[in-house]
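All chains are identified by letter, namely A, B, C and D, in their written order; residue positions are counted from 1 within each chain.
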């Protein structure tokens, strides 16, 4: 940590800062300039709050100079994390992973049709919500356990892996037999109790960025899961909240190269939630892969105009097929492949 | 719902929209203008997504014209909600309610000293975290059950009510014997499973606005609790995330008069998290009451410079006392009182 | 400036940073810790970009530790700036200044009626736009020179001072004979050429915060005016752009105490643009003064329902009168007065 | 326009709204539902403010149902706008246009070297600032007229076109002899007087999106230029301001497909300002073209580590060359070409 004192700081002010730094476990190096004094704290105390120093008398500003996350940092695994699924699919390697399917599981027929389309288009994962987090208590809340069983059944029938959203701790046990990957939604990215439990599970997790989460907060939430011993974690950019309302969210494509630099974890993109408008999902999917994404999570519905949720952003089957065809052409430009 | 068609929309486009509206349960009134057609959907289908219509061919835009929340709306209880606590304290009445205390319960001595200061200054509630949601897994996570017991003990000793944060469903039962009011933190404002459970409890809840929640989302989350039958709900503005980084958050004081207009629920303000800088908590507290807040939730620590969390925004004891003295002068200007 | 190196930085990386710092005019102090090296740059080069250092190889992060503004800083004039107008009105003193009037000058009758109401209510300044910045080229663009003349005439008749918005350099000369204070609108807060010219004028300026300006940017823009020799500058918070759309802008009340701490310049608030909803202007005005504002700028129209611009946020005459009556009661709580 | 009344609105409330709509020039169609009344205003009054209706008694909400821009809308020129420059370069066609060069013109040698590199890499335009808008009055402000002359000289020598930023009206005449395209910077996107003047010039303009401009505001500002008769306008996404601070701005890649749908004007992207970090400019450039951009505006400096401005985001010469090579491979995937 570094504390820059104001020009008008008194020696008493400076001593107060030094004492508190030492108390927290820092060794303090002092640089006295003509205009101000700088205090560099060397060492790595277990926890401290930079904000505490910013309000001490005579302090101009204080800066944390080490990353607050450790296991999530790129230097922990410079070669990058690869996750191998039971059927041999590898996430985080040369091949772009594609996860697609409806927002919600609505019926056996709907999810079976979806699975066939998704498989035929070339995806590796079937997505579909069984438990749905909805802003309104009056919206469709999902099929629950019945939805999980249907997901497993149709995925086994088509050779796909299953990813679905987990919303609370009690659902973890319930889901384990039916799924291949847990999805943590944007609203739960800082549900730390849930994250901690997922750290104790031995099944991969895809964690979406919270709607107003900074990149540092994404990595700190990742740290909750990693520090429990679960290293099979995928991060996913899905749009952040800004002042622009034409699109559902503002997809922060720049977070993709930034995360690829800061962490060893695979980085996915969800262009469906990112933009929220069906006809613009394809350009955003192409942009995500061009920017370095390791995979895509997308909504596709056999009949989006009648979908029970998120129909406006769900691709038509033909749109998914056309998009994946384009991705096959694009991937080699960034030295990747699409199955 | 209203759908405004584009000038170039074909009759086929218009018919597709009408059919879908009818299918959802709307009666459709059509206005044909020289430049465009307008379709007004009359009726109140159980659920529908406006976004679905925005992407239909030939549609210019679509608008929901009824509030998606019902029980939370001002018209449900035009006279406003008052909550009476066991010791007779009333929230939502003429008197401004003050809740104060440390961020975290750290020790018996710390919380007992806090309670005495808070009581002497004139507050009605002691706040203090036993379970702490922390961005980093390496930060102090709270004293847990032991903290709850201490809160109850010192509050009983001083005649204060207890408010503390609940982070997950399993903590509800645990907390019930020890507290007077549940606090739902900003990060859990869209933890719908938790909200639903709190709707089934018969104990008041204070729900903070999420860090990037719109006012409509606040009211929809309130609806989750109210629709379970728990009407003793307090809302709390605590700062939103914007591009400005000088302050911890940007306290949206304007949300106070807006919420007072839209809902019958009491509206509190948390200036400590709102601004995050100790010396500016008082002006923000005064501003909140001037803007119509029914109560304040604030951090005070007997020794903020040594606090285990949020020390930078915790008031010194004397600052709390001075602030409440000023609030007593200010309240009558807005036709309120402070005890 | 401080540069914190990464743990893995090589000696070559460190030398490259040191060389560049020296080249820019810094004296460099080096602290070598077990986990990373810290380079403190002492001295004050004329200009340098911190961002340049952040991308050098081996750098963890870089921090500017001195304020980039000088004349605007509180330490330049610790006692605060007071501006005395020709008729003896003092801005920045104990008394809260009130500026009110319609968005646009529309006619002699409208502006004369406005002036009388504003004066009777107790304000010191009449506001009114003669040149209007409008998002759409098809909206009413103001009466121009004729409007300026009307402003002067009715203000002289009623004993008010005149403030009006200047949009471009060529209007400065034109306005000088008719006005008492230039207003720089939010859209022009970073129109640096305009600011520089206003620095050469000897007439007070009120500069509004840009709709997405940080507090540091506000002070840097102030520096443009101050560095030209014009020290009679008032800053004005008027709402920033956030994701919340219920209100026109999100009024950042917390900017008021922050600016009062950082700068010696008077700080005003414009609750009309801040919230954009007539019935909520009063609570926001009260909140602004409670938070420490030195003055208010507000829209009032004799007949807001027929206003040519901004009618939705313009107070009715009676509302202005009632508000100022409340301000007279509130001001003493924060040790101020209202005339 | 549509006005949805509240369920509790009285007949008097409804009549007041109808009268005001008629007064503004609307024909009003009334739909009376069981729960609320809807008033559809048919017709196109010259100007009106929707906000005015939102605050009338008994109104639930009011919606504008026509676009406030006309000439900028896609329907004005469904086939899209192509701009042909004197040397035959066409912007807005099948070929992606590349504009590159240093942030500022610093010297003859620097700009000549830059031009040669830019030309060799395959770009069509040389960019370079002669007048610089800088947040601080103490930063380098550009070479002025001398810079313009150098730009023209080296571009003629290398066969490039020249684009440079215009900051105020008086610079327009000055620049005309030396440049091929005016650039309006983000800070001037709502400098309406400047836009209006550029509408009277017969030379192409590239207008950047303001740092917090909505897409609708971009198109309204475009309307200022178009309505003056200058149809040779290029729009440019360059990043917006959000809460995320790791990147300089948050590049809103989704604005590219949105603008391509809403307007006929060519849409460019500026990944240098968009992300602000040299090593991440290439992925963002690729993403922009993948999302449908018609061209790129990028900073490249012969020696970025010594640049007088924006060095941190300026590409090394080799990086520009490598990027354009990749763009040549990517363009065909989206049915475009790169020279």
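Methods note: contacts are C-beta pairs under 8 Å (C-beta built on N, C-alpha and C of every residue); 3 or more make two chains touch, one makes a residue touch a chain.
A quick note: this is a predicted structure, and the numbers were derived from the prediction, not measured.
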Chain hops separating subunit D from subunit A, counting only touching neighbours: 1
Comparison of B-D and B-C by number of C-beta pairs in contact, larger one: B-C
Far-end chain from subunit D, centres as C-alpha averages: B
Length of the line joining the C-alpha centres of subunit C and subunit D, rounded to whole Å: 26
Cα-centroid distance, subunit B relative to subunit D, in whole angstrom: 38
Gap in Å, rounded to a whole number, between the CA centres of subunit C and subunit B: 31
Multi-chain contact residues (two or more partners), subunit D: 212, 241-243, 245, 277, 279
Overall pattern in which the protein chains touch one another (line/ring/star/complete/other): complete
Interfacial residue positions of subunit C with respect to subunit D in the complex: 20, 46-47, 49, 51-52, 54-56, 68-69, 133-140, 167-170, 187-188, 190-194, 196, 211-212, 217, 220-221, 223-224, 227, 241, 248, 276-279, 305, 307, 309-313
Subunit A residues touching subunit D - in the complex, by the definition given at the top: 212, 214-216, 240, 242-247, 250-258, 261, 274-275, 277, 279-280, 283-284, 286-292, 326, 329-330, 332-334
Subunit C - residues contacting subunit A, complex: 2, 4, 7-8, 27, 29, 31, 33-36, 38, 40, 42-44, 60-61, 63, 65-66, 75, 241-243, 245
